[in-house]
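Letters are used for the chains, namely A, B, C and D, taken in the order the chains are written, and counting of residues starts over at 1 for each.
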């Protein structure tokens, strides 16, 4: 089975996820700048963070499928599992935002990031296994440094939110720092796959 | 008429259905784990079930249209009827979830599953009739064991929710077991069509 | 400019319009069949009517663009005007439904149907003018009987809702009959364009 | 990397933005014409303005990518930044509408228009830089008169809303005039790029 419709469907789902999060932003009740900051100030920042994360996944998904020609049933389901994890972002982002970064919602957000990273890894592995010995995706991924650092950051953030200074919420801020840091890491585009595409040509 | 735009439109509708169900998940009022479990715990499980069902229909739709080159007006309307049935999932899932699996909402959910299965069968039949005597889809579908077992499970589940032990809700749990079982049955990808595609080539 | 992206964008907008109407269906408060009928019974029927109308427009749009190779800026804006009219369906359907078919909301729904028909006609005319003397779309449209009957039905329905028996609401039911009748008229696929495509080939 | 999936993803996001704004229109409580005018009258006009703006951006995006064959990582992120700015329209439109054109929401709407214009300019610049010395997009854009006038109008509108006659709201009406005027300016399609495409051919 060719990848065209899988990419189109994934694009559709990601486009909807990235956009409906804005429906969670409640319009301020008053009409002063303070109302905006009070009602939606935090929400805009968490929306931006989740927007960037969905953008990162779209970007990486896009890069990855440049090196894929055909997909099996297993890859289809691994892809749907990734989309399911990402589709929970509007919910976990909304809870983290409405609770103003209380401990449990931040931990749940971290677990959502971790689940998406694991699902992405499973999808990547399923494709590499399907492509066999001389998988172009395996060569492109290489040591996969970013793919290994970011789940470590999600786990570190989640654990520090759970363990460090529950009264003063220092751990929560460390967690948010980890989540923002991992996003910054990924905004730099993935030169490894760009290079492989240049060297081996885009599969048709 | 070629199938490209019908597939793109169906992908769009399915992508939206699968994603907007997450808008039905209400953000918990409190910020403790118990609030999450109480407010959204059941909702997450029913969302997962309906997500899997829409995924199954996308998957089967995707497989089926690999064997279709052109569509008539009748096929367009059969496809829209299928999309209509699937578009009711957010509504019936939301009611089943909010009622905490009361009898009537579970029955309505079962009827929705049944209506989608019937609409899919009508679409498949319309395509086979259009393709004529040596329909590649008919060969691919073959005995269609899964396509016959799953509506039986929907009917059995719906009837047991209606008839068995209305006080103790045993029938409702049997119904949910049938609905989950039919989903599990379909997650295994449809090797029949994969095989036909391999043998006869993808129609261009 | 080629038509691919205009079709993809229109498909996306139509797919969203047809699907978000289901978000207007409120989940019943109770869990009995009477709650479903009371809360969502009427809503399901109006949703079905508007779903069919959006399906008709997608279908006709799909047929029409089979005969179009390139689009000018004017056609792009005529297409956006059509999408704007159609995007109001969730709003006017929701009002008609919540008011339980009061006079004014039914009139507004009729005007929305009329506006969409006029926008479609303008789009068709813009394409025919752009295609010049031997426009394949003009030949395909021909006498355009349906395109002339349906706005007459919308106007007749709207006027009867305004004028006939405002107390007993007979006029409202005549209006709804006109709107359902015009939809039934269109469900029969447009054989004229099918024939032209067969005779002249699909433009590439 | 080729532009197909970037265009498809952008089309999806723009289609969703342009459509979900209609969800902000609240169904009137009563069923008289006065209820419609009172509840949704202003909302329909602001929805129309934002619909036109998203249509303009889709139109220009569509024209621009006709002259682009391949995109780098930087262009992907510039495109996501533009989509982020546009995705805030439902929120800022909703606030401006609910406040009935109070000063601060009008200023925020103007800043949103300005942010989208800046993001579009950055995207255009990133593409021109990537295309190098004989960039077809640079030739097509030329003096870019509209692209320079419209941000001036957004700034002028925002400043007049801030500075002129805060009691009588004259400044707010000047601002809205500027925002409507800039939209009218853009509805005229971009003949420069049409001409370049005709002269140099569409890149494949």
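Convention: a residue touches a chain if its C-beta (ideal position, glycine included) is under 8 Å from a C-beta of that chain, and two chains touch if they have at least 3 such contacts.
The model shown is predicted, which means the values in this text are computed figures rather than measured ones.
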item: Most distant chain from chain D, judged by the mean position of its C-alpha atoms; value: B
item: Chain B against chain A, contact positions shared by both copies (same if over half, else different); value: different
item: Superposing rotation of chain A relative to chain D, computed on C-alpha atoms, to nearest 5°; value: 90
item: Chain centre separation (chain B, chain C; CA means) in Å; value: 27
item: Of all residues in chain A, the ones touching two or more other chains; value: 8, 12, 15-16, 20, 23
item: Complex contact set, residues of chain A against chain B; value: 1-2, 5-6, 8-9, 12-13, 15-17, 20, 23-24, 72-74, 76-77, 80, 83-84, 87-88, 90-91, 94-95, 98-99, 102-105, 108
item: Contact footprint of chain D on chain A as seen in their complex; value: 7-8, 11-12, 14-16, 18-20, 22-23, 25, 27-28, 31-33, 36, 40, 48, 51-52, 55, 58-59, 62-63, 66, 187-191, 194, 197, 202
